[in-house]
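This is the structure I want to talk about, given as structure tokens.
The first chain written gets the first letter, and so on, giving A, B, C and D; residue counts start at 1 in each chain.
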Amino acid sequence: MTTTPPDVIRCAYAELIVSDLKTSREFYVDILGLVVTYEDDEAVYLRAFEEYLHHSLIIRKGAEPALSVLAYRVRGEAELDVAEAYYRELGVEVRRVPAGTTRGIGEAVRVVDPLGFPIEFFYEAEHVERFTQRYDVHGPGALARLDHFNVNTPDVPAARKYYEGLGFRVSEDIVDDEGTVYAAWMFRKPTVHDVALTGGAGPRLHHIAFATHERHQILHICDHLGAVRKSDQIERGPGRHGVSNAFYLYVRDPDGHRIEIYTHDYYTGDPDNPVISWDVHDNQRRDWWGNPVVPSWYTEASRVLDLDGKLQPVEERTETKEMDVTIGADGFSYTRAAGAEQGFKLGEQV
Amino acid sequence: MTTTPPDVIRCAYAELIVSDLKTSREFYVDILGLVVTYEDDEAVYLRAFEEYLHHSLIIRKGAEPALSVLAYRVRGEAELDVAEAYYRELGVEVRRVPAGTTRGIGEAVRVVDPLGFPIEFFYEAEHVERFTQRYDVHGPGALARLDHFNVNTPDVPAARKYYEGLGFRVSEDIVDDEGTVYAAWMFRKPTVHDVALTGGAGPRLHHIAFATHERHQILHICDHLGAVRKSDQIERGPGRHGVSNAFYLYVRDPDGHRIEIYTHDYYTGDPDNPVISWDVHDNQRRDWWGNPVVPSWYTEASRVLDLDGKLQPVEERTETKEMDVTIGADGFSYTRAAGAEQGFKLGEQV
Amino acid sequence: MTTTPPDVIRCAYAELIVSDLKTSREFYVDILGLVVTYEDDEAVYLRAFEEYLHHSLIIRKGAEPALSVLAYRVRGEAELDVAEAYYRELGVEVRRVPAGTTRGIGEAVRVVDPLGFPIEFFYEAEHVERFTQRYDVHGPGALARLDHFNVNTPDVPAARKYYEGLGFRVSEDIVDDEGTVYAAWMFRKPTVHDVALTGGAGPRLHHIAFATHERHQILHICDHLGAVRKSDQIERGPGRHGVSNAFYLYVRDPDGHRIEIYTHDYYTGDPDNPVISWDVHDNQRRDWWGNPVVPSWYTEASRVLDLDGKLQPVEERTETKEMDVTIGADGFSYTRAAGAEQGFKLGEQV
Amino acid sequence: MTTTPPDVIRCAYAELIVSDLKTSREFYVDILGLVVTYEDDEAVYLRAFEEYLHHSLIIRKGAEPALSVLAYRVRGEAELDVAEAYYRELGVEVRRVPAGTTRGIGEAVRVVDPLGFPIEFFYEAEHVERFTQRYDVHGPGALARLDHFNVNTPDVPAARKYYEGLGFRVSEDIVDDEGTVYAAWMFRKPTVHDVALTGGAGPRLHHIAFATHERHQILHICDHLGAVRKSDQIERGPGRHGVSNAFYLYVRDPDGHRIEIYTHDYYTGDPDNPVISWDVHDNQRRDWWGNPVVPSWYTEASRVLDLDGKLQPVEERTETKEMDVTIGADGFSYTRAAGAEQGFKLGEQV
């Protein structure tokens, strides 16, 4: 591949299909505190407190829960032509869509990437008020900005190679002595990642993550879910990741889409930023405090749509699965049936 | 019983028998950051940063790990006679010991209380520097003061009645519809508790707890244990308790003695402070965020000594055990073998 | 004086006369986040998140801003007779008022204490929901409970003697080499204070204080005031007190009544709790970080009413004033005219 | 100017000349908690906990306190030639120095930039252990990384133009209605700044800033300075900046060099990041809470050396000074003589 890739700035927004807009809005607005830029009967456009583009998350009413778009912002309008040429050469499906196809977003290039995900590249977007200092509307769990996407893909080395071709660099990964790669964290903006590649049946969306400034903001989200008796939506955490060093929490939205709340990773912007490789048998790689990972975190994920809104088929991972290696190996057996009780609709295909 | 009980101010100190003083000192001083008031080849006398009595914890070298003393401070020297009379009327073993029997502590009354625990009452104690504002020596996980004891006892209602006789009041408890009482939190100083009574084989010490001012101090202790690759000593948490509302962490010392780090319970000092009763089936009673309780937390505890330093026999709980009711009932099955790997020596009698 | 004083538990509520109920409500409810228990056209009854009595603060519409009641809770209904007898022997004005005289409060004894303050003693009070775990309604600056009152009085030693007679103990004070006492902190509940006595023209209310659990909650109140462009209502802080070790912030309500937000003092409940005496020339006594105290903090305070709602006359302090000793002595000169710009109505008598 | 500027990644290190290495080491290591990479009798090489290059700060023994180097890292070794050509065309003094001229740093280009500052460009540097997860050695005020430089220069518009030529973009500035520019914040890495240009007599170094993750870490540094009775080294803050939204603290080292501790600014990496212009009369621009700026913060700064180690002459600002506009205009008069008491040696030339 000799064609130049588009100059990606960062991960920019996701669109999730939800089964009940009202219930999902309660989760994202009343509990997570995201700001509504615009809403109608079909969708709610949301952003975090320090964002000035129209949205970083869209929840859209649909037939079944899924991911419909992962969008990356490119450095300028000219990068759209670059992106179009790049993906045409890759031989995947490519569409150029006019400004406004997604509300608030300018002209864009949409592709089904080689991993099977519906990806959009855009530069132009409507600017809205940045609420950085609107402390009068910040809640105790204020989210600052979208941080990253995490996707399940059966072949992590292939996915990593694809993303390196797109100009992403690896900050950290999880491997074993046989050379099996279980996961890789890759970035364009100088944080630990814009996208993480997690080995598993795919293409599926593992989670999208929002960043806060401090950890007490994450703890409040837990307290809030407890107060409204929705603690079952807390899937994993809070905890400290070994990988990325970030303090984390995973919650599940009413359809089971997974959202991470995340803070305190580190600067990666220098060209020689050291890559950290974690041994899959290191019990502190996923949780620095050694707390066990709930199996649903390994097995459940959101299905993704193609450019026509149809579910993409899911391919199993053929290499060793991280869960199989590490549950048992480090002395844990852990089953939480709460997800089923909540009627989470996702991940049944696993 | 018509005799007046001694006027207890608060829980004051504990003495733990440890198998290796050097290893235990590393845990309590290097990791938990307690201040050493005095140490010799036999024992280390420790206090937290806001304490001005000689110690709130003694770790003493001994043949096998156990609890040797739980001490309550009384309101004045005259209360020693009151205590002596009170326990003689109760018919338990009572000893009057002269000042200095325990370094730093004045004359005291020691008893084996009706629950089988070695209890000491004292008033006089050596004053040492209060390090409240010695921020130059505070670590990132600074402990402010001893907060409470938690003991396992097979008959919680009987134990509660005994402590009510001693002038303690209940702040919260865990019950079921059949009237079984699984645990009770009781206090003299106006916090949620000086002592918690937890149903289980007893007499055994479940844990002693130290308070911090803020939650980040508790999170640091986790991070620190991760950094020195001792995350297996993190048994449970961090989390938010339903009962007490406190933010908590349970760690295990090198012998398996359990220490809680605790913050943010509430004022209970008014006479009409409302008692909160939790349903044993409420999945948020033990963890407000619904995270499962590790079985070792229910089953393992420290043996206790009598006044001659011999192990007290342990009696099983005959009433329904909380773990049996709630694991399964709320959809969790959870096994962590890490404790065994660490060679924790306690609780095998369960 | 041989009569027994009433057994006071703690400071319990204050009533402030405000000139505009709507504007004051915005401050106390929208910015400070207090919970409204009841309100009508005359008054708003407020409490903090961990309080279960009907109110800890009343703001009442009135002709001119003032303090109308400082209320202490006593240990039981029988203490009302004790209080009545005690103050009759003191020779001050005493009134017994029936339950409901103040909404939510039972029968009470009201006096003008020897310092000239309108003081109420009560035990019975209406219970309301304790919002400790109602994290869904906690704001980012959640106040937990009323902590203390601070009053200006010209003769601190006499005031201290009066409060010692009432059973309060001193935790800390500020003195000089000549024996002048500038301030004293006195408590019943085991914190640093229920009431602080600050030398100055009096009787005047210097401030009432609410406690939070963590410091970030106090910082948020500053950020919030900045966001609504009311930073001029921040009079002093945030900072760390030398005295009490607490982290503090002083804000002024729309009438100039001063509210402190306060966290992290220490346990004082043992009988031998060491008293800390600060030298008035110690630049870290008022602010541990050495930041200067704004003169308005020394000179401005709220007038108080007698039992008939008339302004009590104010007597000047004849002893040396702390501000005169310390401004200049430690090298600071500081004038902030912002108060005047805000039209603060209080303190002009100074 | 048509020559291409070197591709600067970020601000990378500073070297400060100090009069007493031992005293300065105590400040930077014992109080601020920086990690010593290397030290000898002449200099101490320091880094923060998340840095993996050899140092981000050097303190070097010298005749009189001054700044000797501000270093920017460039994207690769080839940028050195670019830098050399760029500055030769600018007509300023340029020197190419071999690897090891500064310990731990590869080959470099040194210039006296058009503003009069001694600037170094380098790419190669020795890697050392990144202490991100070495929580066992993190103190309660752990510094994560160098964040930015702030320099005084008499002609801010000219300086801004120079830095724009070097590829820096403006995130925020302070202006008035007449078009006078008082300060500008400029960045390469996607934070608010790598360098701030503050109007004043120059060339002088106003401060260098280190970032923490959370605000409590900054508050601890204040508490620590209070504990060792060095609160006079706290010059300004803690507070929240209007500009940058960061939480800040300014401390002065034993020679008077100013260090900022800083956290929570925001992502600026998108090409259309909105520039925020603050009115110089906005009382919340410098402190969001409206607290006054101490005059020393406006007037005192560190002298800078030329490439031969001689003091650069200082030129006064001819345009209106921010302090003259805003002190008085917003109602404050504030004098803190503490600096003089501390014997700060810098800034006397102002």
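By our rule, a contact is a pair of C-beta atoms (placed from the backbone, for glycine too) under 8 Å apart; a residue touches a chain by one contact, two chains touch by 3 or more.
Everything numeric here is computed off the predicted structure, so don't read it as measured data.
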Checklist entry - B-C versus B-D: which has more C-beta pairs touching? => result B-C
Checklist entry - How many angstrom between the C-alpha centroids of chain D and chain C? => result 42
Checklist outcome for this item: Between the Cα centroids of chain B and chain D the separation in whole angstrom comes to 49
Checklist entry - So how far apart, in whole Å, are chain B and chain C when each is placed at the average of its C-alpha atoms? => result 36
Next on the checklist: Which positions in chain C are in touch with at least two other chains?
Outcome noted: 133, 214-216, 223, 226, 242, 288
Next on the checklist: Can you tell me, using the touch rule above, whether these chains form a line, ring, star, complete graph or other shape?
Outcome noted: complete
Checklist outcome for this item: Touching chain A in the complex, chain D uses residues 9-10, 50, 52-53, 73, 75-76, 127, 130, 132-133, 144-145, 189-190, 213-215, 242, 245, 263-264, 266-267, 269-272, 274, 288
Checklist outcome for this item: chain D contacts chain C in the complex at 215-216, 219, 222-223, 225-226, 229, 231-232, 234, 238, 240, 242, 247, 283-284, 287-292, 330-338, 340-341
Checklist outcome for this item: In the complex, the residues of chain C that touch chain A are 133-136, 138-140, 142, 214, 216, 220, 223-224, 226-228
